[in-house]
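Before anything else, here is the set of structures, which you'll find just below.
Shared chain: subunit A. Partners: subunit B in the first complex, subunit C in the second.
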Partner chain A sequence: MFNTEIIVKSLPMLLQASVWTVVYSLTSVAIGFCIGTLMCAAGLSSSRLGRGVAAFYVSFFRGVPLLVQLLISYYCLPLIGLNVPSSVAAVGTLALCTGAYIAEILRGGFLGIPPGLIEAARMVGLSRAQILTRIEVPMAVRFTLPALVNETTMMVKASSLISVVGVLELTRLAQNIATSTFQPLEIYLTAGAIYFVINAVISSAGTLVEGRFKAETAR
Partner chain B sequence: MSFNLAILTDNWRELLDGMVLTVLIWVAGTVLGLAIGLMVAVVQLLTNRWIAAPLNVYVAVMRGTPFLIQLFIIYYGGPFFGLDLTPMVAGVAGLALYGGAYFSEIFRAGFVSVPPGQIEAARMMGISRLAIVRHVQLPQMLVIILPALANMTVLLSKETAVLSVITVNELTSVVQSIGSTTFAFAETLLFLALVYWAFLEIVTAAARRLEKRVGRFMLRTQN
Partner chain C sequence: MAEEKTPNSRPIIDVRGVWKRFGSAEVLKGIDLQIKKSEVTCIIGPSGSGKSTLLRCIAFLEEYSEGEIYIEGELLGFSLENGGRRRVSDAEVDRVRRNVGFVFQQFNLWPHMSALENVAMPLKLSRGMAREEAARRARAMLEKVGLGHRAQAYPSQLSGGQQQRVGIARALAMEPHIMLFDEPTSALDPELVGEVLQVMRDLASEGMTMAVVTHEMGFAAQVADTVMFIDHGIIAASGSPNEVFRENANPRLRQFLQNYFERNVFWQGSEGAAAP
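Our next item is the complex of A and B:
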């Protein structure tokens, strides 16, 4: 017997917890975007050290499972004297992980910018930082928007892993309800449906923005 | 912070078992996932939309929900349907179903990449639709989609770590239990990260080599 009553009963709580899922994943994508931009710029710079650091960063955070990264930040940060709340550590780890993917995504966008544009900006007297924030980043984001939106939905999904290090969000709450009510199927299906809706909203928002960008370029 | 590497050498047997199991799960999940993905893509290509529609839903759901939730549904929700799976079977099935959805999208893109003129020509010669897929489309598209397939395979190897949450005794789970009995979290977890990192770098390098080889083959046939 599929128990719909339990779904109706726990839905408000699950929706509340899903707010945390959205907050954690969007915060980490926002921070990760900044890290990714810097790493991408470093990776394409003429500095050998910058390129080395960027290559190491991208390789490590893409080469180690996110769950392992989360476990390291959860167990090892206190060992070196950093006693941050587990939610902060988890968001930081998510940000570092997505930053590596975003750096790789943006690389394609950065390389697509006509070099003449950068040269012109330099001639006009814009500083390196200005060129990065005013010209390179906006253009790279336009070029790579579908991939960036996709990465955001990936992070919403990946944020379910922070339940393992004890951060309360949608998956963690679903686990709590499932173990106390003994109705895992109903609860996890509901949680899955909520994740699906969140990602559907993000994807359609992405398509909308993409269409606007296209319309602007066409003008 | 003390750093005691003896913890790793003392437990080398368990660690090795965990590593072997991780690789086995990865291989099994990838092979089954590739099979599911190919079947889904071929059925979507050859049948009408009434059969394709549920498959589209499957792909969208697997891609739109977290892998962890999928595992929970299979493992904890399975008994509801009379499926009392062991953690291992549930994990491999989950990995295969998850990977299959992504693989099917890659195959689907591959089918589109073969020029339609070739398929029309083959059809005119009376070759069956399935034979066209096998002898005309697949050999050509595999070269094109190889990087995407390799990329997804690498991603799946990282997802195997998630199986530790449903108590599959793979490497991450072994390392966690060693860590929680000895409290040597730094040594064990850093070792774990290094193993995955090295493994992924090797697999990625192997994939690049394979792509190069296949790419060379493609150039030769075109000339």
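Our next item is the complex of A and C:
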């Protein structure tokens, strides 16, 4: 029968682990956003090399399963002499993966920016980097916010995969408790509920920001 | 500086034999013109004749294919070396045209920034001004174009005429030595044209050097020192407003002006579609 006591007992530990889930996924989205922006800019640049690098990057990280990417980085990094903690390797891999998707999301936003806005920035002496950070990225984010929020919630869920390379987070801890208590259903239901709440908060935050952006364009 | 003591010694803009091709299409076919300090030059001509292209070449928003454009004596966009020319870096382009302001037909305000930020942000980023100083200058510029009370509004909350005045304030804040206007009133509802032209008149009377592509013949006739008529990529007529509007006999120019007056003079009889 359904054991509520085990839920109450393990909830504090699960909540603690969920903090790691949030930290890992939001960190990788933040880093992935920077990578995605650069890759997107490179992909739309006039440099043939830049476009080639961006195209390869996006097709690799979108074409290979995240789980395989995590395993590759887990086994490869020590081989090439990089002894980083597995959590760092895992976050790096998540960031590279989400970066490829974010690059594709932002591309649509970048293409929607009227060229005249960039010309106006050139005429008041802004550098390419300043145009990217002050005009193109803010506008592209406004155009693509729902997709970016969606990608963030996907990453919260995808972060459960890093449990396979031994990083402690919500799913990993749930597995540990489940095997030691023989109450898997209760534990996984609780973990699922916590993921659900995290993503509900992220979605609401997205809606709030969207509302603020809308105020800029409201007549 | 030396050149300010002898303002007419050197033109601010000097265009020499400029050609512009888009693929095989020749849009500018050997343009020569000079704009001196405090002069207002109005550029008129039929649609597609190359007016915008010329202005954009002077701003180096387009690379000209041939010829030379000098801004206050400095070659724009290229360096000449052993007979050829080489494109210089973006930073070098920025340096040479840093005293050129541009006002666009579509305003091109950044929609995610308030009017004040549109004007202040470039001051901070490309002139290195401190926040408060940039905001103070931006506010003064908005007041100059009559929009001090709308500083916090976003572009979407402003009328077209107000947006264009913010566009002018943004360019003016950089303290340009010359302002280029590409049909600044063409995207405006007719009742909003006047407020923008008034700002431009004020600028001209303060001695700002200006090049204005326009279909507002009244403005050209009143304000311009020189009117240039561009047709099929060449300057087909050039001179004082009187010379161009009344005396010049170029048949293409006469036809162009005839069309203009027929479109705009509607309250007189058919004989009203004559000279101004």
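The criterion applied here is as follows: the second predicted complex is superposed on the first by the 218 of 219 C-alpha atoms of A that agree within 3 Å, B and C clash if a C-alpha of one lies under 4 Å from a C-alpha of the other, contacts with A are read in each partner's own complex, and residues count from 1 in each chain.
Rule of thumb we're sticking to: a contact is a pair of C-beta atoms (placed from the backbone, for glycine too) under 8 Å apart; a residue touches a chain by one contact, two chains touch by 3 or more.
Just so we're clear, the structure is a prediction, and the values are computed from it rather than from any experiment.
In the superposed model, A:Q69 lies in contact with subunit B only, and not with subunit C. Counting residues of subunit A touched by each partner, subunit B versus subunit C, the larger count belongs to B.
In the superposed pair of complexes, A:L77 makes contact with neither subunit B nor subunit C. After overlaying the two complexes on the shared chain, residue contacts for A:I7 are found with neither subunit B nor subunit C.
Contacts of A:V22 after superposition on the shared chain: neither subunit B nor subunit C is touched. By the touch criterion stated above, A:A147 is placed in contact with neither subunit B nor subunit C.
When the shared chain is aligned, no partner comes close enough to touch A:V53: not subunit B, not subunit C. Within the superposed three-chain model, A:I135 lies in touch with subunit C and out of touch with subunit B [touch as defined at top]. For subunit A in complex with subunit C, the residues that touch the partner chain are 114, 116-117, 119-128, 130, 134-135, 138-139, 142, 213, 216-219.
Residues of subunit A touching subunit B in their complex: 2, 59-60, 62-69, 71-72, 75-76, 79-80, 153, 156-161, 163-164, 171, 174-175, 178, 184-185, 188-189, 191-192, 195-196, 199-200.
Those residues of subunit C lying in contact with subunit A across their complex are 59, 61, 90-91, 94, 97-98, 100-102, 104, 106, 108-112, 121-122, 125-127, 154, 156-157, 167, 170-171, 174.
Note for the complex: subunit B touches subunit A at residues 1, 60-61, 64-70, 72-73, 76-77, 80, 158-162, 164-165, 172, 176, 179, 185-186, 189-190, 192-193, 196-197, 200-201.
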